[in-house]
């Protein structure tokens, strides 16, 4: 049984109102009206009266975890999180960017979110394909059951089967289109570096001009920085104005990390990010 | 713009044979920013060094590249040349064209080409080098020794005798450690107390030693030369400043506790001193067995104390100590053999562990030195089982090193004090120590029955109440045997203290698989640790006997002295630093550093690095996503530039 | 002069233009349309509403090389990069984008400091403007009507194109366009009916509705000046802003760039690349100080630059209402709504 | 002329670099295609160094560190192992032959192993041919 968007919206408004009213939180991160129905926006409620302006519909795709790190440490924030968004918040807690006590998870179990550009339903092809938040303080609807469980990594099969030349040709074409607007990193809840490595002038990791080599360095390094941290929300790819399928590469790295380190990103607040961790008995096989 | 001087060494024919050195110098001269490039027969010779020094002055060089042997050979030599010429020594780059070029090829074309590529990399790198200065810090002249067994006592005395102030921290209410529990020591069979108690007394008397008993380290801050350590002194409920050690209280006390000192074989009072020669000779109250603490009534001790030293309101107190160096001598625990149910320890009263037996032999022990068992009998047959839990893949893989010898000592003492038959069940006899083999031979001559086979099981005799059967395979005869005995002595593995990992965490040490503290290098630095200024001595590093422990204690004292003897010390210059403007507060550096050098400054919202703790490995720099960490001398741009130079040709 | 050709013969026209010079025209790509240099005449595709990246890139490419040099060598040996341009045909530019060239001319040549790269590229180009399809509804993000731009305004183009059923009509607007049109012999003469259709179409273009707000330049400039320091307003409108560069990169009137020296193996190029005022390091000073550290300051800069500073300095709103920034914003921030809020609602006064 | 690859080596100071020196001291011959950057610890290696090396035209990249457990800095190479494993997977998915990037644990006493690894790796890279995918064309 799933809850309608409307009932989720009602619950969201009610819970947000209560949290603001009681002073439990200073801020509620949710969704508000955009320039039309198909384009709602991330929305910040600070007063109980702001709650009336909240919306929730199938186009409320944005991962609001992105905004958490924008507020001073210690700010009490409630955040509306769908499944992947929730994992992003957990990952941020693991990384001590925010404290568990400072954040209220308003969990949204939902199936049927749509990409406003294509109108397609967002599922495991471009995201982690989870529909229920793994952790929440309040659940704003009934848990989604009965959706076919598809591994988020299934979509990789075709690409893994490609030979290396074809795969390189594929990625080269994709990365060459990059205009370096950096919407991917800015939409990413885990990309909180300021400055980003690619903006540094000393060292100059890659050229600033949008040429193949600088683009490649930017994207590959970003994939590495997100290894074991990417929660596969797909925001990078949806934000991209030229539709580079970044999610594919992120999925591949996430899959490998999960296999090698036995841990998926953002599933438990007790985990330690995999790449700043080790086990003495990690096998040398991972290097083969 | 840099002014680079390149100096190519022939190393006689060592290099010149497979690298065209003059061509290399000519090539160098064509590279951007290279002002002068020369080749010479032996660059490390005095004339070679003078040539570099002169060129630095004449050409106003600000970067020097020496193209010669491995930096591990002569980097220091050439750094001195730079320093003497007024150039910062870190502006030197060594190109290794001997070990890694001329000696590994016979082809002069290949050799020359590779040398050019390496040199080009060095030129790219040299341009970006920055002068570095070592920071000099003040050193606190005091030393803290943690653990007051024989290792700690020895180290403390040695240091105190050099005039250094020593803080000796002991968890128990008396110093002395395990050695004070022993009766005799192998192989000389001299009385343990006779050799130890004078040292314990010296600790008490020494004007340079502050003895802190009933104390544990609760927090360690700072770094080599400047440790800032918080000690928690547990409440003793007796004001040791007032107590005159009349011990009237201990006589009147109705409370009964289990004597830890006597390994639980007897009871002691609730207010007590662990043993007659304890240092300090002042009692403490054990809350758990004290009638007043349990029932709220009694206070007999308070009534009899003329000094008014009893203080039931005493609380744990915290003492701040500063020290320049720390020696850890925290010793060991005997393995708990109860889980090894096949040996029946804890189940059959006739089964003892080694420390209990030590107490049985001791004239100050529970039986006044008589070997009588828990049921009051004198044993007629005794089995001593070696290697219980040690040399055992399922428990402790290591050899505990001393059990063979003390088991032989037990045999001797049993023979001396009883008329019992004594059996030794052993895997093989390890007697590697001065006088040990001789001791073994002596015991062989004392009508002790040696069975080469590990004791496999201890069982209740089906026939006789209180009689035990030891089962083993005699590997000499290949027969499975059952030996009926009255008393079984287990020689269990020596294992790290239960809290060794907590202590390791406090001092940022690593522990080995078992939990013993890791030395910096197993052979060349067995007393140092990866934490600068923290040394280890005795069994906390690995099982060893008293002579080795004492030797280590002396060694650790000397090592600690090398730090505190100077009033200033130089810190590593090639450390890492954080550029706060780029720090994204991900705290990866804090998570990964093996030395705890980076820390998060909550108020500034950025990580910082305590350079005194930094060893310059550069791990933090590579896990820093925003490149905020600068690993000095191996900065990102230096490495990237060198790679670019290496790949150009 | 009005000429025409059948739409299915566009590739023939393209082939002719490719012979005469460089043809830049809309091409369909994975994510949508973009102006690209045409290498295959069949690529030209006029079934587009508008391109992702605005056609400013024809005159102000994202990357422009200025000087090549070698490290360790004298500056005298550095070689400026010469633009050896063939004639350029910029084909299929929508009226709002054509308008943007006029605004960009102010910045790149109208202020006295002439940018030679812009100027040369502008001079080399013949612009084929192309009316929006009046039969199809405007994109919800668009609001060029607000800026006084009609859906079929021919001014600014050298040649203006209108679709009539299966034909494409071409009218020369400038002498340059007239000359070219005369050379394009494969085009046929338009009929009287075509001419009427064309004129009607242009007139109808003004009635074609996009989103609209009554915006008077001086008034709006004043309005934004008065709320410049109203942090609540700016924080509120920038709450969702990610501070990425999408809006500025797709914008036809954003012209900020960065000068970079990019070297490899001692060979270097000094070039300019697009920069964006939305990037955190845009205003980062060498000292490490950054006057705009907050998102709201950057979004304020972007909007005030277009709707206030530009008006004060040059008398024009530096926005053509093409709607790209709104359309491609990952979080649906809408400049029109912000302007509307500032003008109409005056909500800040309630605070 | 036969293809002579350029191979970038990154070696830790304490083990592999010293092992390479030992190979020299014992006069073990091996191909001259390897150019080594010395760093203090294999954990210093930023994954982007590897990407950059291929962009600079390296046909192969060889990383050398202490054996796990023997790191001069205790645990540095244990982090490096994970990080470089991920680097490898990224290279592979981008289309770089995984054989072009290798991590080897070579101790200071393993001069032999160093020479063998370099010889074998050089042969492998020769078989793979020039790496032009990441290489920046000038």
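Order as written gives the chain letters A, B, C and D; numbering starts at 1 within each chain.
The criterion applied here is as follows: a residue touches a chain if its C-beta (ideal position, glycine included) is under 8 Å from a C-beta of that chain, and two chains touch if they have at least 3 such contacts.
Source: prediction; values computed, not measured.
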{"item": "Chains touching both subunit B and subunit C, listed by label", "value": "A, D"}
{"item": "Maximum centroid distance from subunit C, chain identifier (CA atoms)", "value": "B"}
{"item": "Chain pair showing more contacts of the two, B-D and A-B", "value": "B-D"}
{"item": "Euclidean distance of C-alpha centroids - subunit B vs subunit D, Å", "value": "34"}
{"item": "For subunit A paired with subunit B, centre-to-centre distance based on mean C-alpha positions, whole Å", "value": "46"}
{"item": "Inter-centroid spacing, subunit C versus subunit A (mean Cα positions, whole Å)", "value": "32"}
{"item": "Distance from the mean Cα position of subunit D to that of subunit C, given in whole angstrom", "value": "48"}
{"item": "Overlap residues in subunit A, where contacts from two or more other chains coincide", "value": "194-195, 197, 205, 275-277"}
{"item": "Subunit C, residues touching no fewer than two other chains", "value": "264-265"}
{"item": "Residue list for subunit D, restricted to those that touch at least two other chains", "value": "47, 52, 56, 75, 79, 83, 136"}
{"item": "Of all residues in subunit D, those that touch subunit C in their complex", "value": "56, 136, 138"}
{"item": "Complex interface listing, subunit C residues touching subunit A", "value": "29-31, 52-53, 62-63, 140-141, 236, 239-240, 242-246, 249-250, 258, 260, 262, 271, 273, 276, 279-281, 284, 295, 326, 328, 330-334, 336-337"}
{"item": "Subunit A contact footprint on subunit D (complex, rising order)", "value": "47-48, 51-52, 55, 68-69, 75, 78-79, 81-90, 92-97, 102-103, 105, 133-134, 136"}
{"item": "Residue ranges of subunit A touching subunit B (in the complex, touch as defined)", "value": "73, 95-97, 192-197, 200, 202-205, 225, 272-273, 275-277"}
{"item": "Partner subunit D, residues of subunit A touching it in the complex", "value": "159-160, 164-172, 197, 205, 212-213, 216-217, 220-221, 223-224, 227-228, 249, 252-253, 256-257, 260-261, 274-280, 282, 284, 286-287"}
